[in-house]
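First chain written, first letter: the chains are A, B, C and D, and each begins at residue 1.
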Amino acid sequence: MNRLKTSFVGLDLNNPIMTASGCFGFGREYKDYFDPSELGAVVVKGLTNEPRDGNYGTRIAETPAGMLNCVGLENPGIDYFENVILEEIKDITSPIIANINGKTVEEYIEIAKRVEKIDAVKAIELNISCPNVKDGGMAFGANPEVAGKVTKMVREVTTKPIIVKLSPNVTDIVGIAKIVEANGADAVALINTLLGMAIDIKKKKPVLGNIFGGLSGPAVKPVALRMVYQVSQAVNIPVLGMGGISSVEDAIEFFMAGANAISLGTGIFTNPMLPVEIKEGLQKYCEENNLENISEIVGCIHPPKAVEEKKEKTA
Amino acid sequence: MNRLKTSFVGLDLNNPIMTASGCFGFGREYKDYFDPSELGAVVVKGLTNEPRDGNYGTRIAETPAGMLNCVGLENPGIDYFENVILEEIKDITSPIIANINGKTVEEYIEIAKRVEKIDAVKAIELNISCPNVKDGGMAFGANPEVAGKVTKMVREVTTKPIIVKLSPNVTDIVGIAKIVEANGADAVALINTLLGMAIDIKKKKPVLGNIFGGLSGPAVKPVALRMVYQVSQAVNIPVLGMGGISSVEDAIEFFMAGANAISLGTGIFTNPMLPVEIKEGLQKYCEENNLENISEIVGCIHPPKAVEEKKEKTA
Amino acid sequence: MYLEDVKILENRYVGDKYYLMKVRAPKAAKAAKAGQFFMIKCKNDVRVLRRPISLHHADADNEVLEFYYETVGKGTAEFAGLQTGDEINIQGPLGTGFDTGIEGKKVILVGGGMGMAPLKLLAEKLGEKNSVRFIAGGRDAGAVEIVKNFNIDEITVVTDDGSVGVKGNTVEVLKDMLAKDSYDLIYTCGPHGMMLAVADTAYQSGVRCQISLEERMACGVKACVGCSIKTKAGMKKVCADGPVFDAEEILDFDPADKPGCSCN
Amino acid sequence: MYLEDVKILENRYVGDKYYLMKVRAPKAAKAAKAGQFFMIKCKNDVRVLRRPISLHHADADNEVLEFYYETVGKGTAEFAGLQTGDEINIQGPLGTGFDTGIEGKKVILVGGGMGMAPLKLLAEKLGEKNSVRFIAGGRDAGAVEIVKNFNIDEITVVTDDGSVGVKGNTVEVLKDMLAKDSYDLIYTCGPHGMMLAVADTAYQSGVRCQISLEERMACGVKACVGCSIKTKAGMKKVCADGPVFDAEEILDFDPADKPGCSCN
């Protein structure tokens, strides 16, 4: 019996394991190692309307138990995605989720409209961690008002479920989560990368061409878990948790913290079989602990009060 | 020739290496391994007016390349510090810096007044990462206004140099740094710990008694470096950099990012000889690279424009 | 307290999840006392905290230290994988140790599972000038296999499954002993619950009891304030004021988890 | 592409900072082609990224892969410390490899230092049906010691210090060769600057040139978009579209660092 079946934003998933956007290409790249249809869902690399070349210079740096990247959202654009890539991945039976990005609210709306028309895409992951060029370069997700606004505008142009992906580089992640919930998000995904940097002391310059990059991997797990724990108690929509998951135990920590589903990112680079190992490990965990379904441990460490309140609200 | 001599907030230090508050007790604890007078300065454990018992339950958790702690500011109080501890550490020739804490602005002022009268304390590290009980429990350092206010009030009651220690759990660390500068800080120290958590999946509960704790160690280094880089370009007061330093190379990264001095914390737990190894390593680095003084590399990776601007302003 | 890179002389499986490691540590072997412990560095840099491990035995003449440890998580699993000839970095001896300055007394040592670790050297030291009885408990034969490594005569072995020695638990055996004879001091180390029961039994019988506590540790030297416990004399550090305490001194054996403040 | 835990058959120091590792990898040894590479996992979990290392040689019959590597940082230092019998996890073969489908051509291979890595198998393969000349350059004798491991006759060794072979650099030797005779194809791998000079020389002489590029990699399979370079045909991934490219295809060999956006 499959004890991992999960309903998430209206999608029936075989399991709650997704791939983190940007860490699994467009679903085809790891097919030599395992069948992507084994996943609960495939979240593809961040898309923009126009193709983007991304950043100049070095894009990857390793840090203690983590890595930095400053890809700069290189992607082939929504046209190519729709016309070429979707054809290449049409055999994948798991739902495809599109991660969408923009530099202005208008760009977000445009790409959301495009995605709305693509049947093969079952949900939208709205990435609000990108710098907002119009409003001074701070990320959409760093300003509660703007985060709410972009969620609302995208909500108006799509009927697909919207998973808003939050930036952890904020003082009050709970506030942002609540605002996107109030503006129509069907779920929140967290965390995106922590802003960091690394320095090449021999060359006397930043390692990354862009100076700053996003930190991911095991190093960020404690921060991710904390935010999942906080946010999942504060909102009544499901939470897609991620940040440093690299073992079955890590995955269980996220469920207990309150994640309804999880995404795997950097951990796949280290171990390409990670998604399958976690899937099998979770199934075994359920069997050994007499859980009918993995959802039984979701949020199980929340204080009793929070659990009660949430039950009432979502009832 | 000692190439590490550093002037910091008016103190003449033999070298720019300090101990991070809370990671070196009160200066005596590691004396079997090395003489604390070898340090540039000793920053002691966070002090409060009244003795504090700290938090209940488990206070320490290990995380990938890092650790969490929720000591809860256990400390013997300022009386005991003044009357007993200072006597015990009177042989230390390096300046003693007191890390001070409060739950209200009034508490900060009280302890600052006490410290002002203690000759043996050469500077104050004003820790504004603690929850502000009066204003809803968010840290003093999370709200620019409150951060400015507490700096200003402490400034008014002390003639000692004030190093304001910033919390990294904020959207805009640069804004906070500027505000504390404007309110009289002589330097900023960063970063304090990132808020995180860990879960014991067997016991189905948070590892830490307090649920949340502060993340430190190599894992946080990329975030710390990024913040030091940003802040040091934005303010005209010196920066005390810290967060995950565990090798000579890490230390050099911090100087290049813009730190005028550094503090060692978690790295000492892993390797009690770290301060001495870094001191010797930096001296050797200066010799091999023909640097008269380590300060020559401070901020050397800043964009030329920022360097020029800062020179003009501080001239 | 020293910081030494030491060579592993032997690192062998004992039974159940227990291993015995012997290292050559010239300085520490001369200084170490029963009940003290070492902070052992992990080789995998993903683990930044050293692991506190008790001194099992110290042979000053041959400069040998012994550690008896259980594989619990990844750190101790790493230790179990080390080979003769490998080097590890140890910091210690740390802590105060057991009170071994007594003479002509009748004492009982109660060890459970991994808690047998600090008792080998203790039994040897106390045995020189006192009458020592030893109760060794464990899940099964594998968990008490280590007693073959002890140089004492008066030993009562108890196992949960009765696979060797008496079937039962250490506390029952202790109660029996105390009922039959009178003793001056009890020393104990083992699982938390067992130690509480031993301490309680000792208290009921009016016998002084020394226990060896465990707390998560970062520094091991009183620098991080991570390992505090509440005692009659205020907050004490398990690493430096202990790990051995008089049971009666401890005020809050099982502090309830309760959110305080997230300050360091 | 496979993911295999493989046993190390040999891991020896060659010279300068270079090592040669042989592993038994049944699946990969049959599939691997010259110019492809493997992503090798580090054992120390503090390092989450695999290290890209070229295929030095593959012996399908004996199921042996060879890697020739330089100790640069901590990851490669870790590799150098591995012993015969140890296991490592390798992912590959990855990338497209060199064009080895040619026949009856006159080709030159130019390798500098660590760039010799992918050229052993290439020289062997091309040698079967083409006339191959090989220019091997390095700092000193130690840096070219590896050529003793090559099964080719026509080899010109050049060192910076003249300690063995010609004193000078590979590009000068290449220019000499091209001046004296005509060739169909040049293959090169080595330090960035050397490859540019080789590519430029080839271009001047109107000879096609294949180069093997390096970029920092996270995934090795086109999934992370970390290793992009600008080509005439748009952004390409060094890991999957390369690491071997026709030199003329590359548009921006030395992209200037310039802040873009901090997006992933």
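Note that a residue touches a chain if its C-beta (ideal position, glycine included) is under 8 Å from a C-beta of that chain, and two chains touch if they have at least 3 such contacts.
Just so we're on the same page, UniProt names per chain: A, B = Dihydroorotate dehydrogenase; C, D = Dihydroorotate dehydrogenase B (NAD(+)), electron transfer subunit.
These numbers were taken from a predicted model, which means no experiment stands behind them.
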Considering B-D alongside B-C, which chain pair is linked by more C-beta pairs in contact? B-C
From the centre of subunit A (Dihydroorotate dehydrogenase), which other chain's Cα mean sits the farthest off? C
Mind checking the centre-to-centre distance between subunit B (Dihydroorotate dehydrogenase) and subunit C? Centres are C-alpha means, answer in whole Å. 36
Separation of subunit A (Dihydroorotate dehydrogenase) from subunit C, taking each centre as the mean of its C-alpha atoms, in whole Å: 46
List the centre-to-centre spacing of subunit C and subunit D in whole Å, with centres computed as mean CA coordinates. 54
Can you list the residues of subunit B (Dihydroorotate dehydrogenase) that touch 2 or more other chains? 64-66, 195, 205-206, 211-212, 217-218
Multi-chain contacts only, two chains or more: what residues does subunit C have there? 45-46
Specify the contact topology among the chains shown, as one of line, ring, star, complete or other. complete
Contact set on subunit C toward subunit D in their complex: 43-46
Where on subunit D is subunit A (Dihydroorotate dehydrogenase) touching in the complex? 1-3, 41, 45-50, 91, 215-219, 221-228, 230, 235, 240, 255-264
Can you list the residues on subunit A (Dihydroorotate dehydrogenase) that touch subunit D in the complex? 21-25, 29-30, 32-33, 45-46, 53-62, 64-67, 69-75, 101, 103, 129-131, 192-193, 195, 205-206, 209-214, 217-218, 246, 266, 268-273
Looking at the complex, which residues from subunit A (Dihydroorotate dehydrogenase) come into contact with subunit B (Dihydroorotate dehydrogenase)? 63-66, 68, 138, 142, 169-172, 194-199, 201, 204-206, 211-212, 215, 217-223, 225-226, 229, 244, 249, 252-253, 256-257, 297, 300-301
Per the contact definition, I'd like the list of subunit B (Dihydroorotate dehydrogenase) residues that touch subunit D in the complex. 64-65, 218
